[in-house]
Every structure is written in structure tokens, then in C-alpha cells.
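Below are two complexes that have chain A in common, paired first with chain B and then with chain C.
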Partner chain A sequence: MSATDTGGRVRAFGAAVADGWTPERFGLLAAIGLVLLAFGPTFQVYLFTDFLVVALFALGFNLLYGYTGLLSFGHGMFYAGGAYGLAIVLRDLSPVVADVVGAGIAPLATFVVGGVVGLTLVVAVAVPVGWLSVRLEEIYFALITLAFGMLGYSLIIQDPAGLTNGTDGVIVLLGSVDLGAASVRLGGRQVYYALTVVTVLATTYGVWRVVNSPFGTVCKAIRESPDRASALGIDVRHHRWMTFIVSAVVVGIAGVLRAGLASVASPGLTHWSTSAIAVIATVIGGATYFSGPIVGAFVFLYIRWAISRFPTLEAYWELFFGALLIAVVLFFKQGAVGGLLLLRDRLLGDGDAGGGDSGGGSEAADSGDSAATDGGRAADDATIDGGRAADDATIDGGRAADDETTDGGPTAGAPGDDSRPHRGDDS
Partner chain B sequence: MTTVLKTEDLRKQFGELTAVDDVSIEIDDGAITSIIGPNGAGKTTFYNLLTGVLQPTAGSIWLRSGDDAAGGDGLRDVTDAEPHEVAQAGLSRSYQITNIFEGLTVRENVRVARISHEKTRLDFRSRATGDEAVEADIEELLELTGLTHIADTSCDTLSHGEKRTVEIALALAIEPNVFLMDEPTAGMNPTEVTEIVSLIRELDADLDATFVVTEHNMDVVTDISDRIVVLAEGAILADGTPEDVLTDERVTEAYLGSDSV
Partner chain C sequence: MSLPSLVPLIGIADVVIGLSLGSRLFLIAVGLSLIFGVLGVLNFAHGGFYMLGAYVTLAVVTSVVDNFWLAAVAGALAVGVVGAVIEFAAIRRLYDRVDADLDQLIVTFGFVLVIHETVRFVWGSGSYSIDPPDVFNFSVSLGGSTFNAYRLVVIGLAVAVLVSLWLFITRTYFGSLVRGTSSDREMASMLGVDVPRLYTGVFFLGSVLAGLGGALSAPLQSTSPALGDQVIIDAFIVVVIGGLGSMSGAFVGAMLIGMMQSLGPQFISAGSIAIPFLAMVIVLLFRPEGLFGGIGE
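Up next is the complex of A and B:
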């Protein structure tokens, strides 16, 4: 068989597969995968929950970076803001909330109140910090946000108001919801996983709507040329400020989830090395794609987990990430998502105009497809690839589920040990 | 004729250097005014002052504007306005070096301008493509500027001439009273120059906007201008119809004299 023949067959196969992947089927498969995963080994459920939280963190960060063109190195402060809001409310206000709503559902009510307080705190910080930061651009913006993040770090450690419990952080005890006959432990892996899935999916949809709204369109324009945008009557500084706040709120939601998952709100969350996780995940995944940060977070966490399977390599995991980052920056400027789209175009045949059409059902997806083929920035491609990524994730997660879970993750002392701060403290 | 743009003793100094030297000018609607001058005459600085990118050292800038901020003569003081405020007041511009949203498609470029014009930029709940009236406006403008066939092409893959046309479409999408074009034919081949000149004529006839053009290509200048203002060393050297200005000895001297190197 000749080479061209094989190529033709591969393309035909690719086209046939693409034909079957309608968004509805994708959605269904992803939903089934997400449900099935809840019944996997505890550590895998934990790891996937962790991935979802980091994905949301990076997604919020990318609203400012990939969409508006501002690289923040201080988004950890909003991650911490959400986390501490929840932790402090749980610690100090649980009895008050229980008095109001009754003991039965008090833990859930307190969680919601804590989340709201956390987000209010995030907005209260983001408004002035954003207002000051957006006066600067490029490296200066990165530096001022870095400085604000580290200011938050030292404030939390110094603890002048006696709220944050210094370097130890605030323990988060989620408690159990009593519904007469049944009792549900909120901090239980499966329950918390379900809570995270729902929150992350809803927030991701919200971000997707923002990105495709007039607001998000203006963000992209500002990324491309701030001068041009202002010459068209757009108040660039004000728009960046608003984006900063929206971005902070999304990161804040991830922070609330993080505190519940790690069972602690620790100062490390606002350390620059935590902010860097969002940057790294976004760069690995591809900042110009909506799904980039999600895929990047997946690659980041699961590669780190895979490395942790080999104790001799584990001590050097940062070395692997260094190498990976170099490879991405040098050879895959569009990140993992860009690479996957390139691969898809290969499989469906180069320059095959029909490929894009057969792939997606909706018009939005189609226009995204053609933009991606052009090598442009295909933020619209989001849903499909997001779905695909989540799908990959579940499949991989399931496959990995066979492995033993007794080995420690790269940062946590033991996989089931959720009382330890998850990360940020290790650097 | 009504005045749409006016400067009074406009001055810009960079240290010892006076880039724009007490320029007082009134631009009337319904005519194409060209601002010409040798390299370094202060044309681009003058534009940057008008559009709020630079703050003048002295003098004032007035712009015809329908809003409440306008005084009794319909002119509004935009001397200290920020670039986006000047644009909102009705002054649009194109740049000497093409400045468009390269990573977006032609249609998205124009959509951004329409969103700005419709003041819906803070709307994060509706779809950007959801407003049918806006989409119809975009379509109409693309047709007017002859960009319909490349509407969904990403701008970074367009030719130089096409990009310049996109920039004109962008600037017009905010429905300006005054459109400042900074060297619209810069870097174009002769065919593209012919096309852009006929486009400018067409747009000038079709739209309410008043065109002000800086240009190096003297054929283009004589072709399109109703009035020519010559800047030299930051000051107005001559001002009048093309016939008067181009036969003016001082103008010839300025071009062939000290600045000809």
C-alpha cells in the first residue's frame, strides 16, 4: 500500500470520526464520564477535583492575560481571598448561621455564606488593586500585581487583625448536613467532587458567555491594540479595570473551592509561586484559546501526578516542568490546544475546507473552526475543545484509576491527607 | 459652511524643540482638507494633539459635537480630553502605520467599533453577535468599503492595501464628524493608491464625515484636495486652494530647500 493511500485512509477515518462528534454527543459523553469518575478510587476523585479547581483558577487568570493582554503575577491574592473568606466564616460564624437556619443544613448554609463573604472580600480587594494596577502595562503590570500579591502574603502572615492565624492558616471544617434520615458529609470526596463539578461548570459557562459578549469582544480588541481601541472611543483603562475585577471574582470562586478541598486556607495561596501555577497552566494549554487554561491545568496536574509515580524522579519534577515549558514556548506557541487542533487538521487532511464544517453542529463552532485552521486566535472554538478536553480528562482519569493510590502526590504528604495545605508552601 | 474643527494658537514643545508652533486653523465641513509638509514638519504631532494622544503645551482645540458639552457655537473644547473622549466626541483617525486588531477578523474589527459607538462595551450578558441592528450596520459598512468578500478573514493574513481599507472602515464605524487620515497611501503600490483614492472620494460623497488628510504623494494631494494647508517647522506656511498653494514660492522652497536632504 502506498503512503498516499494510507494518508487518505487516515483522513477518511478522521472525517468519519469528526462526523460523529456532535456537540450533543460530546456533552453526553463528558457528563457520563464525570458521573462515572465519582465512583473511582478516592485519590483519583481528589486529583480530578484538584484539576477542576486549578482549571477555574487559570481560566479566571486568562480572562486578563489571554483575552485582555495583561499578565498578572498576583492572582494568588484572589485565590487566597476566596479561601480565607470561607475559612474565617466557617470558623467564626458557624453558630450564628446555625441559629438562623437550624442545625440540619447549617454546614451547607455556612459554606454558601462563606463563599459569598469570600467573593465580597475579593471584590473589595480587586477594586482598589485593579484601579492602581491597570495604570501600568506589560512588565510593570506584572510587577505591581506581584508586589500586591506578596503584600497580601505578608499581611496574612503578620496577621495584624488577628483573623488569619499567621503561617498556620485557618483550618476548614465543612461538617455534615443532616437531613433527618440521611447525613451527608460535605467534605466527603464524592460530595465535594459533585459540588466542585457543578460550580466549575456553571462558572466556566459564565466566563464563556462573558468572553463572547460585547464586553469580551472589546477585551480582545484591547489585547490586539490598546491605542486603536481608545481611538475608537473605548476607555481602555476602565475596561481593563472591569476585566481585572471579573477575573478576580472567577479566581475567587476557585479559591473558595480550594479551601474546602485542602481543608485549610493557607498563606501560600497568595504567594507568587501559586500565582505562577495559573501562568504555567495557561501557557502550557494555550492562552489564545478559551479551553487553553483548562487543558493546561490538566496537563500540569496529571503530568505532575505521573512523575510522582516514580520516586526517584519526584525530587526533580520541577526540572520536567522546566523542560516542558521550554518545549511549549519554543515549538508550540499556541500551547497544547494549538497542538491538538494542528493534529486534528492533519488527521482531517490539510486545507480540507469541509473538515471544519463536518466537525461542529452550531454556527459558532464552525466559525471557530475556520479561524483555528487559519492559525488565528480561535477563542470561539471553546465549547467543543473544552468538551473534548474534559472528556479526555475523564477517560484518562478512569484509566489511571487502576493504579495504586498509596503513593504521595508531589506536594501532599499522603494522597488522602487533605488537612495539609495543597501547594504554595512547598516553594 | 460650518466649522467642524478649530485650533487656536496650538503649540507643542518637546524641551527646546517646538514641534507645533502656534497653529490656528479652522476646518469646514463638506471639503477635503490636506495637510502637507516636508518630513518633520509636525504633521503627525499635530494629529496626536488633535486626538488627545499628546497634551498641548499651549492653545486650545475645539470640535463640533452633538452632545451637551458643546457651547453655543456647537463647538466643544476637547483640549484636555483623553483619546477615547475625543473619539466619542466625533473625531476619528487612521494611522500612518496601520493600526488594526490584527488577530481578529475584518468583521470582528468593525464590530468592536460598533460596540464602542453603541456604548454596549460593558454588556457582558448578551452575545456580541446577537444584536441584529448592529450586524446590519456592520454589513452595510463592509459593503461600502468593499470588504464583504474578506469579512471573515483574520486580519493578520490580509495584504497591506486590504489592511489600510480595514482601518478606514474601523474609523468610519464610529460615525465621526471629522476623519483624520494620516498618510492613507503610505507603502501602497500604484494600483492600491488608485483604489484608495477613489474610495476616499466615494466615502466623502456618501458620508457626513469631513475628511482631513496628510499625504506625501503630491498627485494624490492635488487629486483629492479642496484645500491644502502646508506645515513647515511646525507652523502654517501656506493655506488655500491647490492651485494657489502649489504655485506658492515659499512652498517650493520649503520642499526643495533646507529639508530636501
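Up next is the complex of A and C:
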């Protein structure tokens, strides 16, 4: 009896708290937090910047994995592409840029030019590599991207063109912007943090727009059932190719930021073990959610940091993530975001209505009030939380149904099927 | 450069070294290929299994019995048990998922991390090496070059493994069950094959082979926790070139890559490490079933 009572009180309290979380207040709170953090301890500023960069890396990766169902083990090559583009421009073209724009703001201008060159390089690689890779699916796609990534790694190490400085990598010196009265060091922790926050937020918003566009809806349809998408007249291969390129560009932006943060563009960025970081972060966070890779990157970096506080455990942090990765894939594929949503449902009492059914259907159904309660975040997540959670229950058939009903676009003709039972994930 | 002047450049020792490198690659790749052919699982942790085999052998030979062959058998069997446990406890849960392939790849990648860190925890980050067994620990001089006789033993054992596996798959009852289940799992199940047990058995066998590869190459290399990560990528190249699921393909692919590792640097100084990956890309694009696709060939 008292247990139910407590449960009721907790839910009432949760609802009261949730009522206060209007999108505006939530956004304001987040903004204040981001500004305050800039004045925190230097290491914390660094750690959060690191988190933002890894989050963007994983977000770009997940465009391909979570949204079109293609697992790449070679996205490190785009991470490195952005990083090396910036590093090489800073090393070789700084004087040229300084001649054009004047010495004062030259470092910033060079940074921008470097970023643009890095992204151009990424696109130049992603267009042919993507075109070839999307010919394959599943394991074979994972293998060919792995091979391309390692091919890039070999080329950077052996440096046939004399650009990448072999195994040592290229040092990145950001320099200072001289504004006459004041001089701002671009590589300064706070300045670089601000730069990263702005870039990552802007890129994340861009990705969010892409994901929620008709283009993004088609991606989800392809993920759920390539055959069905094809039958609806979608050029699946072309769409995967385009997604591959967009995904590579997002990862490339993360790579540019990584080079500035680490002060070096090193060949390790192309190695498959770097690509694996995106896989780990995304899977732990929950690949079916937009925010999954972001939350996953947060979990990844901050748990690693927490582990590093214990000298005896520090060397073995990979063990923890290996075990966590296995546990998430085996028992709870919705990952950390899925866990948080489940927790929210429990606290607010939403979970009761669906009878433990927190798959795509129920999330999509209550997206209206979710949007009102927590800044639309849950609602966005819900739109891609389609049949994945339900995959285990049914071998095939109607998997794309949930997603296709949430948006119009080219798949609008597909029959909706919200009543189909989902696998309960109340374990 | 005319052809005759090229020939002396290839010493017999280089060929033997290439073949012995290929042999160790074959032992890991054939298990990887067998598991993929039958279970449809691409086992990312297979390099870790290989490394584990080397470590267990080293541990047994230095602190239990001073007999390399017994230690190698112990290493191989220990890895087999680890593999069977992983299949039984984790991978088995994923067969019926829609995106089983990728989930299995990610889970086995999780085991890459776990095995790597466990090995580091138990044996430390340093590298170990042992001498080949005394009987074969002598130099052979042939055509002006010398190499250790143990390399010939490894090559011979790899060929023996290929032949026995081939006989096992094509001539025994269990082999016919493996072939049947690999071509149609549902039908095999309906005809009374205990598919889950067969899967565990095949995973055990594949893991034993990886462990054996690690055990036999322990005297030829220094064993460190990074070994698994290095060798799994080579094994991926081998199975892709030979054809995922093909045993003879694994053999030819392994020998090809082994020879390339041994001879390549003499001919192409720049880009030699890129060539295997380029080959992998080309095979995947133009012949994804590999040069020798299909199981039991």
C-alpha cells in the first residue's frame, strides 16, 4: 500500500518538476550552464570541449548507422580528413592568408580556410568512397569501410606526397588574433571552448534539420526496410550515398575541431580503433535516438574520466566499456537515452498507459505533450525510435510503419500501423 | 631490370618466412571463415582469441609443464572453451534479431576490448617471447640463406590442419551436419539437427584453431596485448580475399598476404602496407564472395 502511495507521490513530484521545464526555460538553463562552465576549472573546460567533439563525431557516424542502418568502421578517415586539412593549411598557408587579410586576424582566417579545405578534402574522399561503399550492405559494408579507413591510415603513415609527416602527424599551432587593443589566443581553453560550442551547436542543429526533413524520413524508411523503400520508388543506393556524404562532412567538422583541441593531426585518427569510438558512444547512447550519440559520448568521456580518478583502475577503462557495450547490445538496445526515457515515463506515470510499451508507437503517440514538457527533445527522439526496439519480436513485416506515419515526404503512401504490439522493454 | 637479375633477390629464407607468416594467418583466418560460413557471425574477437592462445601457451610452458606441445594444446583448448562460453552466453542471444549481423559484430567487438584488457591485467603490457621447441630450434641453410627449422614445422602443421579440416567437413557425419546447417539452418533444424549445440561446437572449433595459431606462433613473434588488434585486421583481409566461409580460400589468401608481408617491402618501398587494403577493397567490390567463395571447397 505504502509503496503505491510513494510511487504516486514520486510521480506527482516528477510531473510538477516537468511542468516547469518549458522549452524556453530549459534552453535558458542550458545556455547559462554552458557560459558558466567556461569559467570552471581548466580541465573541466577541456573535458567538456572533448565531449562536444566526440559527440559531433558520433552524431555524424550515427546518421549512417542509426538512420540508414549502415555500420561504418572507417569514419576515422573523415575525422582525420578534417584534422589534416586544418593542420596542413595552418602549417603551409599561414603566410599566404596573412598577406591577404593582414596579420591581425590572420590566425582566425587561417583556421576558417583550414576548416573549409579540410571539409573539401572530406567531400572529395567521401564522394567516391561512399559511391563504392554503398554498393555493399551489412557486414560487407562494415568491412569495406574498414578497408578504406585503413587504406587512408597506410597512406598517411607512408606519406607518399610528403604532406602528412608520417607517424608523427602534423602539429597544429592556432596562434593569436591581434585586435590592436586585445590579443586573443585561439587555442586558449576558454576561447576554443566557445568556438567549439558554437560550431557543434550549429552543426547539430543542421543535422537535426536534415534528420527531420523528408530526406531524413526516407533514411529511416530505408533503415527499416530497404526492399520496401525501394518498392515505394526510393533510389535506396543513391540515398545511402548522399547520407554517407552528409555524415562524412559532419564527422569532418568534428575532425577540424579535434585537430585544434589536440594541437596535432595524428595518423591514429584514421585507424579503425578511432572509428570504433563512434560505434561505442553511439551504441551506448542508443542508436535509434537523435540524442543517442550525444548522450553516449557524454557517458563515454565522463565515465572514462571518473575511472581515471582511480589509479588502479585507470589503465583498464576499456574493459568497462567493452562490458557495457556487450550488455547494451544484448539486453537494452535503446541505450542510455532509452533508459532515460523509460525512467521519465516511470516518474511521470506515462509508462502505465502503454502497459510497459515504450517502443516507437507510444512515444510517437505522446509526442505532443512531450514537446510541451521537455523542450521537444523526447519528441524528436521518438520520431526515429521506430521498429528497432520491436525488432526482436517480429522477424519482418511492417517495421517501417511507425516512422512512416510520423512524417509526410515520399513515404506518405505507406500504411500506418500504430496498433501493432511492441516488445515490452520493462526489464 | 631483366628477369634473371630479379631471382636472386628472393631468398629462399624470405619465401619460408612468408609461408610461415601465412600459416599463422591461415590458422586464425580459417576459424574466422568457418564461423562466418556456418553461423553467419563475423567474429571481431578472433584476433583476441589468437593472442589469448599465445599467452596461455607462454604461461603454461613457463610455469606448468616445460613441454611446448602440451602447452600449445592447452592454449588451443583454453581458447576453445572461452569461445564456446562467449557463443553460449552472448552471441546465441542475437541469432534471431533482424540486424543480427551488425549486433554480433558490435558484441564481438566488445569482447575485443574485454579480452585485450584482461590479458593486460593478467600478463601486463610488456611483451614475451619463447624459444622454439629444442628439437626444431636450429638453423637451416638453403641456397645461401638461413632460417629457423621451426618455421617449416609451422608450415607443415598449417597444411595438416587444412587437410584434416577438409576431410572432417567432407567425409564425416558431423561435417555433413555442418554443411547442411550452413546451407539451410531451418531445414537442418527440422530434420533433427540440434542447431544451437552445433553452433557452439563450430564456434569452439574455430576458436581452437585461432588459439592453436597463437600457440604455434608464440616462438616466432613477441607476444604483447597489441597482437590481437594487429592480427585481426590481417585476418579480415585474408578472409575477404579468400572468400568469407571458404577454407581453401583462407589458405590461399593467408599465403598470399604472408608472402606479401615478407617479400613486399623488397619490391615496393612506398605503399606496401596499403596494398593489402587496396586488394581487400577491390575484392569486396568486384567479387564480394571472394576469390574462392563457398564453404567446404
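Everything that follows uses one rule, which is that the second predicted complex is superposed on the first by the 350 of 427 C-alpha atoms of A that agree within 3 Å, B and C clash if a C-alpha of one lies under 4 Å from a C-alpha of the other, contacts with A are read in each partner's own complex, and residues count from 1 in each chain.
Convention: a contact is a pair of C-beta atoms (placed from the backbone, for glycine too) under 8 Å apart; a residue touches a chain by one contact, two chains touch by 3 or more.
Keep in mind that what you see is a predicted model, and the values were worked out from it rather than measured.
Participant: Taking the superposition as given, does A:Ala109 touch the first partner, chain B, the second, chain C, both, or neither?
Facilitator: A:Ala109 contacts neither chain B nor chain C.
Participant: In the superposed arrangement, which partner chain does A:Ser213 touch: chain B (first), chain C (second), both, or neither?
Facilitator: Touch partner of A:Ser213: chain B, not chain C.
Participant: So, does A:Leu71 touch the first partner chain B, the second partner chain C, both, or neither?
Facilitator: A:Leu71: touches chain C, not chain B.
Participant: Which of the two partners, first being chain B and second being chain C, lies in contact with A:Ala229: first, second, both, or neither?
Facilitator: first
Participant: Looking only at chain A, is it chain B or chain C that touches more of its residues?
Facilitator: Result: the larger residue contact count on chain A belongs to C.
Participant: With both complexes superposed on chain A, which partner does A:Ala98 reach: first (chain B), second (chain C), both or neither?
Facilitator: It touches nothing on chain B or chain C.
Participant: Following superposition on chain A, which residues of chain A contact chain B and also contact chain C?
Facilitator: Overlap of chain B and chain C footprints on chain A: empty.
Participant: Mind listing the chain B positions that touch chain A in their complex?
Facilitator: It is residues 51, 53, 82-84, 87-88, 92-93, 95, 99-105, 108-109, 111-113, 115-117, 120-129, 152-154, 156-157, 170-171, 173-174 of chain B that touch chain A.
Participant: Chain A touches which residues of chain C in the complex?
Facilitator: Against chain A, chain C makes touches at 42, 90, 93-94, 96-99, 101-103, 105-107, 109-114, 116-118, 120-121, 229, 233, 236-237, 240, 244, 270-274, 277-278, 280-281, 284-285, 288.
Participant: Which stretch or stretches of chain A touch chain B in the complex?
Facilitator: 209-210, 212-218, 220-221, 223-225, 227-236, 239, 242, 246, 288, 367, 370-371, 374-377
Participant: Chain C touches which residues of chain A in the complex?
Facilitator: Going by the criterion above, the answer is residues 69, 71, 132, 135-136, 138-140, 142-144, 146-148, 150-151, 154-155, 157-158, 160, 272-273, 276, 279, 283, 315-316, 318-319, 321-326, 329-330, 333, 391-392, 395-396, 399.
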